[in-house]
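We just call them A, B and C in the order they show up, numbering each chain from 1.
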């Protein structure tokens, strides 16, 4: 299976703070990767670098066979802890707008379909700002899925989400992975992905320290 | 190259001294204005020097935008800083000259007004450099410099036409200039240009050193194990 | 392939719809504009003979202050919930976003002007002695000049400290030739003493130069972290 993402010697510094210190890894396609680590390990920075939001200070990223991230950005889905949605519009209205950004065909049908997939109601007219956190995260995930991306980058999708919603999201992600997507999930709640993730990637101090197929207690480092 | 700096310094010192003597002693006294007119030899060359420095800044900013050369960014920073200083000289000497001679502190004289607008643009440029986070500063500053440069011809034409509609006194008088005065003017300009080059060069070297130190510290932070680093979170959350 | 035009239209429609729904910004702005007109009218004696000559300056300075308050909230909605990241991550061209914001601001500021102008006419007993049909042209060109640079610098100041002060600090010096043109053109039309044609051409040139420059350089500013 060809690698979906190849990262070589990735370095990101903010002034004197090195968020990423030479990360090198290959990530195969059609897998669900859980990226774990303490606060400050560089997980969010890595994800943002992959999304093209943070230009690296050094090293390179190859995505879907190219180092020009801008050319493949239409095949990426990105989700972060802020909802990336307009609080004053309803879920459907938000998605309709973002579908325009990706030039999604058959817009209304696709938006409704994605909202159904995250187990929300497309006809809900309540503005997103009034959603519960769980609903908001799910709608944000729906937005990330609009363009049927090959690669999904999810940063803390389960934080502050109720257990039931979180479990539903995980099974959705497994289904998406089985359909051919490559999914990266940054999370502190590793247990949620036990049995779902293909690989657990441990980061510490800006580097990847280990990659394990199972969730094992970390050895003393 | 290193040896050129002291040579330039000495040359500048000599030129400045010579130019000062020329301006204050040797140059003929102006008929109507008297000795006050001698400030002209500081006012005009400062303006020319400032304009040249800003032109270099524009050039360096374009180079940065196209090639992202760090050196170009340093040149832009340096010329902006020194240019603002020379602009300030123009803006201070203008009223000092105008008051005893024409009885007014200020007039919307073409040169003076253009200098004022340039001064404002470049001070805002320096404020932008100071207030933006260090990663983005060169890019944002270069963009602003391009905007400023595009503005200059528009400023020139707007003031020029404004003056035809609302006639204003002209500081320095129009018309031809006595060749002896022109000679002194050019000597002073040469001295000021050398001085500007000297200061720019020093400031350039200082900035290069400063950035080298920053890079070394950054590299150190990259290589050493974490623990004692200050954590500045990029997105407001650590991780 | 989604063209810049259709995306601009979609973004503009979204912004107008959101603005219409909340109406907070527009209501407070309208009231602020009213206050500005009243304060100016108190400060500069409206019955003086020269009022027609200074009205150009007064009106445009008042518009400028109102515009800055409007411009400062251009990107507010995109900064909440980091929506701007969603735009940056998508393949959508940055210029569509920029144009939509500029046009939105243009509409916004024009609405404010539509409120302020009759008030100024009333307080200053204004009457155009020159060709009055030129006034809307000057207003449109002048407003575009302020709004195109203002939107651009508002985006730049997102990456700086003291965001609200950074915008006018960057905008005012660059806008000087446009301001001079607006003031002089308005004065010329009101007094009928000069032709405003040069100033109108200068404003048009200013608009063209800076619209092109902004479109060219906005991509850089958006992608800056």
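The working rule: contacts are C-beta pairs under 8 Å (C-beta built on N, C-alpha and C of every residue); 3 or more make two chains touch, one makes a residue touch a chain.
No experiment lies behind these values; they were computed from the predicted model shown.
Because contacts link each chain to all the remaining chains, their graph is best described as complete. The innermost chain, defined by the distance from its C-alpha mean to the mean of all protein C-alpha atoms, is C. Looking at which of A-B and A-C shares more C-beta pairs in contact, the answer is the pair A-C. Centroid to centroid, with C-alpha atoms defining each point, chain B and chain C lie 31 Å apart.
Chain A and chain B have centres, each the mean of its CA atoms, that are 48 Å apart. Centre to centre, using the average C-alpha position, chain A and chain C are separated by 39 Å. In chain B, the residues that reach two or more other chains under the touch definition are 135, 234.
Contacts with at least two other chains are made by residues 225 of chain C.
Of all residues in chain A, those touching 2 or more other chains are 54, 80, listed in ascending order. Taken together, the chain B residues at the contact with chain C in this complex read 65, 117, 120-121, 123-124, 127-128, 131-133, 135-136, 139-140, 143-144, 146-148, 150-151, 154-155, 157-159, 161-162, 165, 234. Remark: chain A residues 11, 13-19, 21-22, 37, 39-45, 48, 54, 80-81, 156, 186, 205-206 touch chain B in the complex. Residue ranges on chain C touching chain A, taken from their complex, read 1-2, 6-7, 10-11, 14, 17-18, 21-22, 77, 80-83, 85-92, 223, 225. Residues of chain A touching chain C in their complex: 51-55, 70, 73-74, 76, 78, 80, 82-89, 97-98, 100-103, 143, 147.
Those residues of chain B that touch chain A in the complex are listed here as 134-135, 214, 217-218, 221-223, 225-226, 229-235, 237-239.
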